[in-house]
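You will see two complexes here that share chain A, one where it goes with chain B and one where it goes with chain C.
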Partner chain A sequence: MKRLRLERWSGQLLSPRTGPSSCLRHQQEQRIAGRRLQSTSAGLDLTYEDGEELLSEQEAPKTPRKREDYPSPPPSAAHQSAKLAALHARLSLPKKLPLQTMARTLVDPSADSNTRFNNAALAQVGGSIISYHVAEFLLATYPRLPMTVLFAAAYAYNGPKTLQLIAKEWGVETAAAPGGEVDPGLLQFSKIKPGQGLSLGFGGGSTRPDKKSWMRRGISSRNVYDDEFGDVIPKEDTSELPQATETAYSNFVKAVVGSIYLHAGRQAAKTFVQQHILSRHLQLSTLFKFSEPVRELARLCQREGFEYPVARILSETGRHSRSPVFVVGIFSGTEKLGEGAAPNLTEARVRACVAALKAWYLYSPGKSVRVPSDMEEANAKPWEPLHVDIGEIIH
Partner chain B sequence: MTVQAIRKATVGQNGVGAFILQCKRLDFHYCDWAGSSKGMNSFLRHSLSKFAAANPQIEITVSPRPRKHPVIVGHYINGREKAICVRNLQKEQILQKAELLRDASGEKLKRVTKPVKSINESVRGVWSPYHGGGIHV
Partner chain C sequence: METGLLRRPVIDLLSGRSQCLFALNTAARRHESSYRRTKHRLNVKPDSSFLLSNNSPQQDHIVFNPPSSAPSVQHTPLIFLPKEDKRRQLFAATAARTPAPTRLPPVIQKFKPVGVRHHLTEKDIEEIRKLRSSDPFQWSAAKLARKFNCSMFFVKMCCEAPEEKKELERQKLEALRARWGPKRRRAREDMLKRKELALRDE
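Our next item is the complex of A and B:
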């Protein structure tokens, strides 16, 4: 299989244009000394903010613009920032990832709307990579999770709350207000003013085809229309309005992963996601919330061809006291499926059913199961099919 | 849809997967004139560049603090800071203090009585009087 040429992609996104330079361009370089350049590399390889309009434009500022005039710090400032260099070293990022790109990951679209200087594109790439690796990890490790729990588990691993926690654990601080003069090592975004309230972006509607708010939003449709956490995707792009701190931090983490992917490649990005996101602790059994566990277990036994589940008292104490305890086991034939203890028989049966259902749903072939992206390594062993579950018990 | 889900966030375990040094910034304050800063000034001239090169993950700032004793202040990821006054110390002693601040976690100092702390559930479980047969009296 032919591999993608990553360096070409990153060239398009990040580095200055490397085309042949004309004489006309040389003359114009003198006049437009005040323009924003995407890179600090001097010489012929200049990229202009609006390259197409260049020839027609006659007037150009004579004096170089001041740093404060730009909405975000210029790339040349990246090498002067001790904070940025320290952050780069703290994350043990590869040497290939330059400080200029690192500085760009810290500029939110709400600080600088120019897509060549903010992290929108990098965050888009990085967000897809993170959610891909989280999804393949969850699906391969816990193949029987119900969709709702799978969405919640994905949210727990790479939801905005978690990404914000990760960025704060990296020691990233926010700038009070964005501007050209701020230290490039600080996260720059325009903050929501107190009392303004969150604009959740639903005023303009969502990308879903259902027009009315009361229309049913089933779980299967969330797979198709909604994002990786089963949430609605707003139709309007609000990324240039003032942002919640959580959003800005999560975009930064995504952009870091995106920049690692573009500069150091797929494997480095995967390792980074494994080390920083998948290594975090989550007890999946605490994410479940059952409403009818007894019925669900009965349906499960019917579907799988087990005998009808029966609850039996295993032991009890203090039936006539004020604090009785019943231990109830739930049996299918002679097999015990689960066990629960409670102060009354009904609750004990429910707990036993919940234990049995969790044991079913949390089946795992092991933590070190191979995931599809392992196949992209050189000399990978042939793929062995993973366990694929039938699906939900009750829809 | 009888199974619903509760949204949570994962918990970080520094050192499992990746390790992030908790000290993010060290401020070195000195005085040009006072005698108590003699060791500090010598440290800044001769040892600081080597220390900074060996610890690139720490941001280092140097600033004068006239007519005051020399101080090293460490800033940590958990938001706390630790300050050590290094008056009248030699540059080797100051290096030790800087390394102490570098290696600190930023938490308040606590006496550790139990060496193992875990967020995982106990494998053995909590003792239950209703299991294991019981004793018939």
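Our next item is the complex of A and C:
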């Protein structure tokens, strides 16, 4: 396998680009006065193809542009921002990650449409990394989760609402309006005006083949056509329109992960995701909702070759009173699968079946199970295959 | 009685905060020392496992006596564990030490599994369909189930009631619901809510 040179990638991200070589010289000269550069270290003394050196100070027509003219603060402002330095230190980010890139993660495409100055590319990389680590953690730790619960769990771990929460916990605030004069330590995006309504981008249709509203959108098709949360992907790119606050915040968190990946490498990005996203406690057992638990459990027992599940009364109190309590257990042979308590026998049996099904679906080989990306470490132990389930119960 | 009725507003008027006034008077007295009360609350109910016997361990050990509570869904039952799981051997070792229960708790008669009988033939199913279509008002699903000794679920798998019969049943139910008062309506709504909660295990 060819080794990827990450440092070269990040260098490319930050290096000054002198424009395409096919460009005419006079066009370059015209542009040079108002050119935006991604790095403060980049000088303006450039050598063109004909070998003649251009000294910008003397020769270029001097029409200095003010900071207010730019849609986002210039990279040179990153070193003057106390907020940005504080954020960098607070997150204990690696030294390799410069403040200029940190400033770039805070510029949303809705503030600055230039892809060389906004965080769209970084967010794309970071979002993929986050959802990969969340997915491998969930699949390795809970191999039997149904698809709907898996989508809900992924949304709870790295959905836009959670990422907004994380960014707010980091102390990132939003700028009132984007612009070149804004402190680069603030999150810059154009906000939706009150009462305007969310532009979810469904007006232009989705990437799914089912165009009609009445067409069935099953869970299996969401695996193929939809995003990691089972939501529709809009066809049109609406990233440059005014954004909801949670979208802007989530793009920022993704961009931070992407920039860590580009500057400090794969392992640093993985550690960052583990510490900030996967370390959060999610009560998975609350995400379940069943429709026919009794029948579903019977089908499970049939499929797996267990004995038919039987409801038995474990204990009861006040049968003829106003508020009785029945404790019902579901048994397969002599093995108790689940237990539920309720004021009537029917509900108690339903609760016991739900508990048994949850116990099946929430099987976990352990919290410290190895995930596939652990194999990328140096001198990793040989891989032991994980438990792969045949799928959820169809009843 | 009457004086009390008369005096209460006056006191309220004078003191402004009558409740507070009385509370101050009563709180000045202490019936019980707070130290003793705290000590009393911290007392653990004695259990037979606390006593030392010949079987009890000789070294320092932990007494594990948790309060009774609903079992957690995180504890996977033994038969739900996959074959390669290491907990299978551990559970088997524990099960070998403790004797198996001789008697299981009683089965709920209402939910006793009937089992698959397969006693109806093609001819019977044809008969069910014929009866249902001949007079759906007389031959309801319940009646057919009783006649053929099968479940209503099976009858409904075989044939469906005509649309007019369904409409009539719907109207009957609507008329019944229209006669419900606010209490019964609320009770029914609460019942549905409880059903939903049971399915979500909340």
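The criterion applied here is as follows: the second predicted complex is superposed on the first by the 356 of 395 C-alpha atoms of A that agree within 3 Å, B and C clash if a C-alpha of one lies under 4 Å from a C-alpha of the other, contacts with A are read in each partner's own complex, and residues count from 1 in each chain.
FYI, a contact is a pair of C-beta atoms (placed from the backbone, for glycine too) under 8 Å apart; a residue touches a chain by one contact, two chains touch by 3 or more.
Only a predicted model underlies this, so the values are computations on that prediction, with no experimental measurement involved.
Contacts of A:288 after superposition: both chain B and chain C are touched. For chain A, the partner with contacts to more residues, out of chain B and chain C, is B. By the document's definition of touching, neither partner reaches A:383: not chain B, not chain C. In the overlay built on the shared chain, the residue A:332 is in contact with chain C alone; chain B does not reach it. Once the two complexes are laid over each other on the shared chain, residue contacts for A:349 go to chain C alone; chain B is not touched. When the shared chain is aligned, chain B and chain C each come close enough to touch A:341. With the contact threshold set out at the top, residues 286, 288-291, 293, 314, 341 of chain A are in contact with chain B in one structure and with chain C in the other.
Remark: chain B residues 1-14, 16-18, 20-21, 24-25, 56-61, 77, 119-121, 128-131, 134 touch chain A in the complex.
The residues of chain A lying in touch with chain C in their complex are 285-286, 288-291, 293, 306, 308, 310-314, 328-329, 331-332, 334-342, 345, 347, 349-351, 354-356, 358-360, 362-365, 387. The part of chain A that touches chain B in the complex is made up of residues 82-83, 85-86, 89-92, 146, 148-149, 151-153, 155-157, 159, 161-162, 165-166, 168-171, 185, 219, 274-283, 286-293, 295-296, 314-317, 325, 327, 341, 357, 361, 392-395. Residues 70-71, 73-82, 84-85, 100-101, 104-108, 110-113, 194-195, 198-202 of chain C touch chain A in their complex.
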